[in-house]
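Read from first to last, the chains carry the letters A, B, C and D; within each, the first residue is number 1.
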């Protein structure tokens, strides 16, 4: 199907590429013109300004925003009078979910449908696909099903979870309609919180491994510092690259 | 090669199975006789008591202990007078690494080599292999290389880390000689610490998702409890099974 | 001066007592009539309903709310049409400071002045005085200076902070105009956060002291529990009441 | 009574001063001679070296060590052959309590009594007294009772805890025999842990207060930083000195 993308940064550009690979038609716009030219070279339909962008989209229009959270509202502001009843705006960035709720409420009187899609995948997304956490009305989500399917990783070679049977669910294909508007970014927000917790756990652990040779360092005596007890127990020069490599095979922190 | 295993719990028994599948000969002993009988039925050489166990092992003997950390020392105590110079004791459980250092020191005058092997893999280890973090002398580690290779997962279909080239390293095959005695359990200890940090991060996040509908619950007014602000923003009934499923595809918390 | 108090719970009633002790006239109202009767018996002017309460206050009226945070807004709602330009509403409870900002904005067109006063002191406040953290306009704060002075503990026998000289400041007398509306509850909110951190620190420490005899307890051996190392080092039966008593003299955690 | 002090740093010198003020006789020694001279000028009996120190002490000798934890063992090593059965060594510094247990065990065959005294009070100790947490044998603690009483703050003007009656206990006078050897430093260790927790709580809270004006700072828009929501709610320039001053009167974080 056809989709308009505003914002051709690392995420937006790769999502357009992945969509075109699956046969979707992409109209693209970006604040600065260079990325638009670049994507035209790869098969996208470039837009020179917002009016051009709107004109090139068939109704009901699908406008996907992939811009910093701080400028989503001004982008919507610029779009709203150019859009028609039935059009869909998707915020694929990292907006706070309460902003989603407020936007949907503002856009509803105009008949514009607002959706939020938390998008995880980073630099590997183009190749492997994006994990999509979706909030919005049932009809809008259904309308965009083929787009979500193309962006998502698909079932892949991940071992099936115990208890699942029959045809693979949306979730198993890598996208999920989590709930009403805001639910996608709510789930993504928690996802990111978990991510930072994971990084903290690895960082703390690796830091201990890195200093497992602290007993080799001689220590000054003063009244404020407790002497290291049993320095003979801290004599390991550990190779962190090897350790994290071995953990990739069979360990529970892989 | 030949190896003696003491302790046929979930971990020990599956490790014996994985070793036999690769052609290693396993002499097995357990405090209670039933698991010994069971493993005999699968091709292991059962031992009726410690003397029998020792007698059935060729020198230099390789004795792998897979018992609770609290009883490792009494097992070593029972073994030490029956072993000969050049024999090897491996503690594959979760001993504190300082105990490893102390044991190696106690066993050294008798010429017995002590090694510690932190073993990760749990219930999936039989099928997928165990991630092995090894501490001990170079010669002992080299002597047991084929055993470690059989227990470890092997290279598998894990994408190769950037920057690695040539033949796969030990670490890429799932086992690693981390350093001198104690280094294996030191690395495993930190591995477990990271594991618990990861679990805490998931638990905190999932708990928030589970209560994303807290705004639907009415709240009593009292002087001690702050009222929930904006209950309209906490109306999501999220499906945690679906969310964790979708995170398995392409998300960074997979 | 004269002041009206709504809410005669533990905090409100004691504040009225402390104000009357200093010669202030207090008009009091409470949802249920019994506390009103009780305070009348101690010299307060009781009000039978809100209209009576308003009628008994001289203009510009000073209305101090000491009610649960969850019902402050409905109390203000009930008051607002009965009040006149120049009247002052004070929320002495634990409102979220953003609610203060919103209320002041709502009341401003009517010329009603809103102030927030974070009040610390609990059950000892009557005797020792209340620590007051005040947010609001300069003129309102100045108007109520004698009230704040009566409620606050005063300079007392607290050793003067180094660097302070001359007449004692407001802060040294136990009340402080922290800033514009909301600032009082903002500071009180952080004060409470610190309080909970302090309690957590004491709780963690005392819990360790309480279990300093854990080495006396025998421990089951299983595969999941790490044995207690060096139980001989955890043989202390400590008397927590004595320890917290001794800490009250000269220690830095007094 | 007579007491020998080794280590005339900030803590040791002030403790000697406080003891002499109460009529105790102090023999003093320090690695470098200048502090010894200084204390002689204040009435102490200086010792030129360890032998001189030992010779000037009456038996049973009382030797109080007030030196960095890292050098306590070498001080004891240097003393042990010069001391006689019945002499007492006190470590008043911050040794790890397990070291106390080990030292007492090493000294016991020689009949030397070892005690540990956790000492809190810092720079105000001279004037206000030291909070003493004591570990050791009953007889040694009893022998030194008058010393502890002089060092401790005494009952002072601290309000008596509810439920206490009759003569003031040791704890109310500021010193406490916590238990057998090591118990004093164990309690002091936990005391210090609580202290650091308290400091962290204050630091976190004050940091929030300091940045309560963050909404006044303009923020760059980028893809990685979440924009500050509601900057109008973070406009307070708070005076931290005043706030911490007002908290000293009547607040629960005083």
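One rule holds for everything that comes next: a contact is a pair of C-beta atoms (placed from the backbone, for glycine too) under 8 Å apart; a residue touches a chain by one contact, two chains touch by 3 or more.
Predicted, not measured: the structure shown is a model, and the values here were computed from it.
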Under the document's definition of touching, what chains do chain A and chain D have as common neighbours?
none
With centres defined as the mean of Cα atoms, the chain at greatest distance from chain D is chain A
Examine where the copies chain B and chain C touch and state whether the two sides share over half of their residue numbers (same) or under half (different).
same
Among B-C, A-D or C-D, where does the A-B interface recur, judging by over half of the contact pairs matching in residue number?
C-D
Distance in whole angstrom between the CA centres of chain C and chain D is 34
Could you grab the centroid distance between chain B and chain C? Build each centroid from C-alpha atoms only and quote it in angstrom.
54
Dist(centroid_CA(chain A), centroid_CA(chain C)) in Å evaluates to 45
By the touch definition above, chain C meets two or more other chains at residues none
Quick one: which bits of chain D touch chain A in the complex? Just the residue numbers, please.
9, 68-71, 94, 96, 219, 221-223, 225-227, 229
List the residues on chain B that touch chain A in their complex, please.
97-98, 101, 120-122, 124-125, 128-133, 152-158, 161, 164, 169-176, 178-180, 182-183, 186-187, 190-191, 193-198, 200-202, 204-206, 208-209, 212, 230, 232-233, 235-239, 242-243, 245-254
